[in-house]
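The next part holds the structures, each set out as structure tokens.
One chain, subunit A, appears in both complexes that follow, with subunit B as partner in the first and subunit C in the second.
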Partner chain A sequence: METAIALRRVGAHGQLACLLLPPLLTLLILFVAPISLMAVYGFWAIDENYLIQPSLQLTQYEKIAGDPLYLGTLASSAGMALLTTIGSLALALPLAYYIVRFVSPRWRVLLVLALIVPGWVSVLIRTYSWNLVIGEAGLMNWLLMSAGVIDEPIKLLFTKTSVVIGLIYIYLPYMLVPTYASIERLDNSVLEAAENLGADPFRRFLYVTLPLIAPGIVAGCVITFIPAVGEYVVPNMLGGLKGMMYGNLITTAFSNFDWPFGAALSMVLLASILACLLIVGRFLDVNRSMLGHE
Partner chain B sequence: MNRRQMLAATAAAVSIGLTASASWAADKKIGGEINVLSWGNYIDFALPAFEEKYGTKVNIDYYADEKEAMNKIRASGLGTYDVVFLGVGYEEVARKQQLIDALDVSKLENFKDMYAPFQKPKSDGTHVHVTYSWGANGLIAYDPAKTGGPIKSWKDVYSGKFKGRIGKIDKANEQAYRTVFQAGFEYGELNDEQWQTIAKTLETDMPHVRTVYQHYDEMAQLLAAGEIWIADTDDGGFRQAKAKGLSIELAYPEEGFIAWYDGPCLVSQAPHPEAAYALIDHMISPEVQAQLGKELGYAPANQKAVDLMDPALKASLGVDQAEANLSRVQFQRSLGAAYEAKATEVWQKAKAQVQ
Partner chain C sequence: MTRWVLGTFTLLVYAMVYLPIALVVITSFNQDTITTLPIEHLDTRWYAELFQDTKTLQSLWTSLQVGIVSTTVATTLGLLSALAIVRHNFRGKSLFMLLTVMPMLAPGIIMGVSLLLFARYIGFQTGFVAVLLGHVLLSLPYCTFILISSLARFDRSLEEAARGLGAGELSVLWRVTLPGIMPGIIGAALFAFTISIGEFVVSFFLTSAGTTTLPIRIYSIVKVGITPEINAVSTLILVATVLLSATALSLTWSKRN
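Moving on to the complex of A and B:
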């Protein structure tokens, strides 16, 4: 009897191992191994012939810490990514709310698809299209000048503003999808209860809707902020001199054969993002505790 | 048949045989395929004729600069690519990294027709590339209608009259030598004091600059859109932009400029060496070289190509002065990883200070 139970237990463990093994192996091969390799490269150096020399030194990290160019650009990229996240949220939240609350289910899917489908087009093409819109001889200036609003074209292209506009455009679907999903799952009876208890629309949104859709908003913010910090296509095409981001420094290092320096820059970016996520996680835990959601 | 008749008949038969054999060799189909790394829109026009002649399919992989090409060879492993187009010193770096092999130029029928400087081997007596195109770099393209007159020097460019209307190529080593000439130095290795002057000069110049671009197609678009009036260019980039209908002029800056060359190299452990040699020879043939001038505005490296060009093209490429120019111009070369790292650092900082 005991042997049968033990065998059944081993069988259950075996099944669990079989289920876990493929994803674990995938994670190990496609994520842990390349990142570990990158971490190792960060301690190496290149010689006069651009050949990589394995060693154990902190030269690359000393270079990053000792020159304000690198950490300064990282801080400015984080600032631009934050603006992108806020801008995307400001657009996605009312849009998702409107679609869920005021659009009939038949049209809802079509509307969401219409907002997501442009994301299937190459980032390069979508970013370049903004060149044609906000350029000096672009559509925006032509419309404003034709309407007599301005006398001279606005120089918007190749500024930080143009980069943030481009990033919001690219990352809006990333924010929209989780926000939309969380609003759609909202239980109407909870809102009706709040209304019956005398809560005005603003208080209903602040104290009922917002806490309930917070997980979707946080997910949207995280998946928008993280890739936006390391972005390099949009700043390259719309930023000119003024919109350089940390991703451009990484690209330059790798394209100059300096893989160890590129790896070290990438590790600093990874560590900074993980630190941000930890801080956000801790902040959300504190808030949940304060709101009694333990 | 007497002995003399016999000998004559034998000689005739051998002669016919040799002619037939030579003719067969010239039209020999190699078949298969070949993997080539090249700049975009650089050799494409010449490939259909090669594919038809040798029955070999060309798989072309594009790169944005030579370093990316070398990274691709390393990343994909030797034995993947057959031919890579490298130049201006990168062929020396690739050789040191054992990414390319020495070329046996005796296998290249067209090599003997190259201009004399392009037939010279490296200092160790080997050839690691053949020159496909060459020209001048460190030049200035400008729109005279916008600038209100000719531009002759870097002093004119940064006079203050064109602030916010200047575009620069986003390549650290190019910016280094442009600024070297602007600062009045000789092209080559620099000491710390000279690097400081370069950094200072760029620091003064950058507030005048509207944007940077990665390649000359982008430069043409920016000039056409009126975003910039003055731009860094090389002669081929200028001619291609001009061919698109832009009303721009070219200036060889009074402070100095430099020459470049570029051409195919044989990748180490090339899986299709016979096709690789055939392609390299095809790229330096008079026909392709003449077409290169017409298609892309680059001067030919094979002097026999000149006879195939029309007078207008010859005049626009300045091929009549080619030999004289080649004898006095200074070519770019590899200045080492330390130079490159310093140039990158100086250029990145110059860009960052206008953020």
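Moving on to the complex of A and C:
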């Protein structure tokens, strides 16, 4: 009761402060401060006794730029994440279109949920489950061998392909949700107008549908690509040496106790992601002004 | 024509999503020591072995503890955030919302390593509390956004009525607002719990010898060699996750209709 009176006395400003401060402090302490510290750490170094030497030097970044392993792996991770993004878009787009176009509204949400709920099962378990499908003793090889298509099991596991398959599997729900939402919002009368004006299905898709659902597609691509570039569990469990990704390098630096180097590697990843976001944002702005939207 | 092509395609995607999960469940009942196909004898041997495995059971207990505490903290913080965002206008509001989404966008590994650096720098012991705080950070954005949509739909005239009848601010919050958005609160909590139970990367960096969560335990077993016991654990987690998410969904859903 006393708190209630006290609360009323401090008024709206105090109320807002009471609401805002705990989550704000949490985000500042658990997110902003650690990331900022990591940015500083990247300029530090360790001596031969693995003691941290606070300094302001670019040794770590020079090391990253000097060895093609690091930027090469970053580039191949970006390539794999791009394949993942394209792959999951190729799966999500026709699927979302089918659900919106041919399924009654009652069943639509249920069908979409049926693809999202498995996505809430631990990444570790879902990744591991692909061992049972594409592993040497897995379902795929067993089926192909008992059908007599192949004599030797296909060694698909521990390659880049197996990592991309795993990534598509993990990130499909991320792509599906925004794509589905944008297709569902599509106004059918616009499409009919295009049809009446003589546009064939291909042109209709390219000039009418695509620009309208583009924001959903871009959102899906962004939230798929970003976590996929930095993925650690999937390449670690399905990748082996051939399918290594940038996340594995970061972990290796940290398990070698070379924290400044790990921090610098992480900052390079963060900066690349930020650059991608800025480019996508810029591209969208240009696109919008050209199409005359908004 | 288009309809059948698309329909078949859709069916194949569903098969791709459910096949690996189904294989985990099926092979967990395989009697053989090596996870191979075809399955010759079905039984519950691996479930029996699982319940003898004290290390795995201990890690399940740790996961549950971390999950329950981090869920409570994240849901409470998310509720405060949502109340501030939905009901107040303040300078820097869009910045605050951006800050809230950020942990959802950054790769997990970045948050894992930066939290590890920070913990060591300020002399904070990694282990139970560190893992728990990491999970709070990961689930906070989801809790906040679920509760924002829940609060935005809540009819505020009920609060006015309660105030008119002489209820104080806290009593309005406790007796009117919170019960009104209860489905959203439970939904957010179940979401946070689901994240915490399955989380691996952040826990991997913040864990200590004494705090092994279930995913870390599973990882260490898988790294040494896959035993069918893993399929049994995974099946149990799978069933629990699906039940939890179904409950969370039906609760948030009934509110919407």
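Going forward, the second predicted complex is superposed on the first by the 258 of 294 C-alpha atoms of A that agree within 3 Å, B and C clash if a C-alpha of one lies under 4 Å from a C-alpha of the other, contacts with A are read in each partner's own complex, and residues count from 1 in each chain.
Here, a contact is a pair of C-beta atoms (placed from the backbone, for glycine too) under 8 Å apart; a residue touches a chain by one contact, two chains touch by 3 or more.
As the structure is a computational prediction, the values presented were derived from the model and not from experiment.
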Contacts of A:L51 with subunit B and subunit C, given as first, second, both or neither: first
Partner chain in contact with A:T252 - subunit B first, subunit C second, else both or neither: first
Which superposed partner A:A137 touches (first subunit B, second subunit C, both, neither): both
First (subunit B), second (subunit C), both or neither touched by A:M38: second
Contacts of A:M244 with subunit B and subunit C, given as first, second, both or neither: first
Residue contacts on subunit A - larger count, subunit B or subunit C: C
Touching partner for A:L16 - first (subunit B), second (subunit C), both, neither: second
Intersection of the subunit A residues that touch subunit B with those that touch subunit C: 137-138, 254
Contact set on subunit B toward subunit A in their complex: 64-65, 67-68, 70-71, 93, 96-97, 164, 172, 206, 209-212, 214, 225-227, 336-338, 340-341, 344-345, 348-349, 351-352, 354-355
Residue numbers on subunit A that touch subunit B, as the complex places them: 46-51, 67, 69, 72-73, 76, 135-138, 155, 157-158, 160, 236, 240-242, 244, 249, 252, 254-258
Footprint of subunit C on subunit A - complex, ascending: 1, 3-5, 7-8, 12, 15-16, 18-20, 22-24, 26-27, 30-35, 37-38, 41, 91, 94-95, 97-99, 101-102, 113-115, 117-118, 120-126, 128-133, 137-139, 142, 169, 172, 223, 226-227, 229-233, 237, 247, 250-251, 254, 259, 262-263, 266, 269-270, 273
Subunit A-facing residues of subunit C, complex: 3, 6-7, 9-10, 13-14, 16-21, 23-24, 27, 34-38, 76-78, 80-81, 83-84, 88, 90, 96, 99-100, 102-103, 105-111, 113-118, 120-121, 133-134, 136-137, 140, 144, 168-171, 194, 197-201, 205, 215, 218-219, 222, 226, 230, 234, 237-238, 241-242, 245-246, 249
